[in-house]
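Across the two complexes that follow, subunit A remains constant while its partner is subunit B and subsequently subunit C.
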Partner chain A sequence: MSMQPAEPQELAGPSAQPQILQSSSAADKCWICLEELHKNKREWLYPCKCSLICHEECLLHWVTESERHSRSGVVRCPQCNMPYKIVQWRSTTFNMLHTLYYVVDRAMPFFLATIGSMAVVVACTAYGAHAVMTVYGPSEGRRILGGAGKWEQARWAWLPMIPMTLILSRFQAGVAYMPLSTLLMAAPQPLRMEWPASPSLTLTALPTISFVYRYLWDMTLGRLERRWDSALPPEKQGMTIRLFGRRDVDQEDVAADAQNDVGQIDRPAIPQQQQHIHGLPDQPGGRNIDATIVLSGAWLCRTLVESLLLPVISSIFGAMIGRLPFFRRPGLSHFSRAMIGGCIYFVVKDIVRVLYKYLLYRTRSSRYIQGRKRF
Partner chain B sequence: MLTALSTKRLMRELNQLIKNPPSSHVRLLSHETLDKWKIQIIGADETLYADEKYILQFKFPNDYPLESPEVVFVGDCVPVHPHIYSNGHICLSILYQQWSPALTAEAVCISILSMLSSCTQKKPPKRDAIYVKRTKTASPKKTSWRFDDDNV
Partner chain C sequence: MASVTKRLLKELQNIQREPPHDDIITLGPTSDENILQWRAVLRGPSDTPYYGGAFELRISISDQYPIQPPTLTFVTPVCHPNVNFGTGEICLDILKSRWSPAWTLASTCLAVHLLLSDPEPSSPLNCDAANLLRCGDTVGYNSLVSFYTRMYALE
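Presenting the complex of A and B:
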């Protein structure tokens, strides 16, 4: 026997049959309030063939209470198990109303859930519309969105998908390949190779551009970044969410791993030994770190906010480059500028991050304590 | 607030327990208020729990005896038993779905004693740690119990 969350089960437990352990004197007491027979002048009831007797009033209380737990409406004597004969005025209207209230009560959570999810969809739609307006610019955006009165179904479908795609596309390389296709649907134009590129062409090419950029980054500045990263103590993580992986690979292990990485630079002999130990298959708490993704809360928040702010950031960067002479050409739409702006934002962000890491690394490695030194 | 019915009934049960305790293995320790009692039970002779002393805490709801009392083991030691979790929660059908007003606090104590007596192996329930972590000090009546072991 064990606990089981909400699962109707056949009841058969230890002493499942209620034991009636009262002494024989129970026979002359009300089995509900335990008052003795003949003590007060009240109406006594012999509801079944066994020795349990009670006040009618007490039994009616018990019947009402039992009704709350079982809908069958059958109440039995706890001793002889005989069903009590309950006589009451019956009315079809009452029965119908009773069922109606019961059904309404049961359906309420579903209604609430529906309304809740609709609220989310509406918020996402509003966000999507705002994103379209920001990225495409006011005039083009208004043309795409059309009049509020005559939205086709497709628009109701793709607008709320915009924020979700923006967020999802940040998470895994694979998902990133799911292009910003929802934004693409906003511009149902044929693909044509042209310059300045049309929105559909840009959005189709964007994942590829992003992939190539990541690859180039990893080959060049990314290497430097990783080297500085490994020389620094690991970032303090606040709240962490473990997506999958083993429970016993704890933060200590993560820290220890980072330590090993440091070790690889300073002391090449020791890490090798450790690698060896970790490599043993039967090592308890061994290397399952690969299967563990630790998301720090701060990282998650940063990514969420960044994804959702991306349209605004892109359009701000787009507006900024719009002031440069090269980008001021009339052929370049608001959308193209926003896209270029977004790309520039990512490049600038990456460069600033590497700069920060470099400066941090320089600061840390130049650190020493003033004082007299002796060998 | 206890109803008139529950007050009367609890007074009668309390009197009965003080005047004629059912056996030397069940002893009322305290009843600070009418709706919160502590009862000591002593393991029956020639069982695994012989002479071991445990304390049961009864909390009676306002519509007792229509609703079951909340019964848990309290104090430093909780019996190690396949149906008793280490936070004192007892898996016993008559305390939950199978409750009926025909039972009394005394009858519950005797049922628990008999549950201890029929135990053949002192071992904690399966997934005790998980259950205890999840429920902590919450009322056992909030747990949705499943009764599937007729043996112990």
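Presenting the complex of A and C:
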């Protein structure tokens, strides 16, 4: 921000030259404290070839101060621009210590960042371990995690990945990485078509299941939901991000789209993923315009919390269906029940949301204001 | 007596003995009690749109002066590329990185006075004024500045 319009002398012109130059009696004054030559017995100095003279004490003070700000460490005479020659006692130990302190000070932010990211990794690992215990059940989970003493490197790699995968899988782009988590987690088990499905098979099949579910939803209840959404005014405007494409529509269309976008956000319909990118080809009635995302803080919070709570929610739903006779068969593992529970959670959530939308729509459309009618 | 007080008294004597410039109307401490607070009134340089205005500056001097530069801020609102219109902060190299004890308060005020006639739009604190200059709209710049001068700074 510091401005460098010109050299001070150049900028200021002859009339604004430092005081010393204007005054005829400049020759016998210290250019720093402006005291006269003969007034006291402090050491006098002719530090450069020009007419500026000063007290040694004053100049040392100035040199120390300027060294702190200048990068090169060279201090020059403000009038003749000659560098001052500074002689000082030199010690290798001092120089080494000085460099050491400098390096340590500079490196501190990096240390701090490293410690911070390690803390995040540790937190993610703890979360991952907890998620595995929740979803697989205590006995199977303990077998997968192994004892605390014999954790291999692979575990350190995939356990912290679990929360990241959970969050990423809520976004369109994250779905592509879903099978990756399977590879990381269930490496020892080969993929076999069997019933009840093995964990690796389930995780591999999840994107397909979610896609089919989304399609079916769009065909059935999704239609109704969109209709109610478009009848209601948009809830609140978030931040709009236009991802790609150009929009050649008039203002009315833009307003309508904004409404749809909000509706879109409030439609986290699909297990494991959420289609909040607007205008995809499979969008019924959607002109293939562009991808606009309306992000609101509330939506982001909801998604994050929901993704991270998903293992717990699934396991609770799994435990609930475990009480039904059909799901109590011995072949069905805790993991399978949790997965089915998770799917049921999403379906229930979607249905509850549609119910809410419907009730909201009915409430709004039944509204009128009491008063005498004129005619 | 602290060295800062000594030096400021010397500067004050010099100013009283030979006034620095016709366009510096007043320059001196605001009160007798505190010599570290000064006040200056600059006349707008002729042949600039600031002409006809009187601009008041607040000068705060740290007790490390002259090793540390004084802080100059405009009290009168000034429309200038290197002056913050709201706060009066001045962006001038000699008040920051290029300060040296050879400058006095009088010469610093003159430097600010020269900054009025010689703006530097490449490091702006007032983007609107700087943009007019940067795209070469001198007429627009001059009329904007003289509007603000008439509005806030008439003598």
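Basically, the second predicted complex is superposed on the first by the 273 of 375 C-alpha atoms of A that agree within 3 Å, B and C clash if a C-alpha of one lies under 4 Å from a C-alpha of the other, contacts with A are read in each partner's own complex, and residues count from 1 in each chain.
In this section, a contact is a pair of C-beta atoms (placed from the backbone, for glycine too) under 8 Å apart; a residue touches a chain by one contact, two chains touch by 3 or more.
All values reported here derive from a predicted model rather than from experimental measurement.
When the shared chain is aligned, no partner comes close enough to touch A:L206: not subunit B, not subunit C. Residue contacts after overlaying the shared chain place A:I53 against neither subunit B nor subunit C.
By the document's definition of touching, neither partner reaches A:A197: not subunit B, not subunit C.
By the touch criterion stated above, A:I32 is placed in contact with subunit B and with subunit C alike.
After overlaying the two complexes on the shared chain, residue contacts for A:L166 are found with neither subunit B nor subunit C. Touch criterion not met for A:V132: it reaches neither subunit B nor subunit C. Annotation: subunit A residues 1-6, 11-13, 15-16, 18-20, 22, 31-35, 52, 58, 61-62, 65, 69, 78-79 touch subunit B in one complex and subunit C in the other.
For subunit A in complex with subunit B, the touching residues are 1-7, 9, 11-16, 18-22, 31-35, 52, 58, 61-62, 65, 69, 78-79.
Those residues of subunit B lying in contact with subunit A across their complex are 5, 8-9, 12-13, 16, 22, 63, 65-67, 82-83, 91-94, 97-104, 106-107, 110-111, 114-115, 118, 125-127, 131, 135, 143-152.
Across the complex, subunit C is touched by residues 1-6, 8, 11-13, 15-20, 22-23, 31-35, 52, 58, 61-62, 65, 69, 78-79 of subunit A. Residue ranges on subunit C touching subunit A, taken from their complex, read 3, 6-7, 10-11, 14, 18, 21, 64, 66-68, 82, 91-94, 96-98, 100-104, 106-107, 110-111, 113-115, 118, 120, 123.
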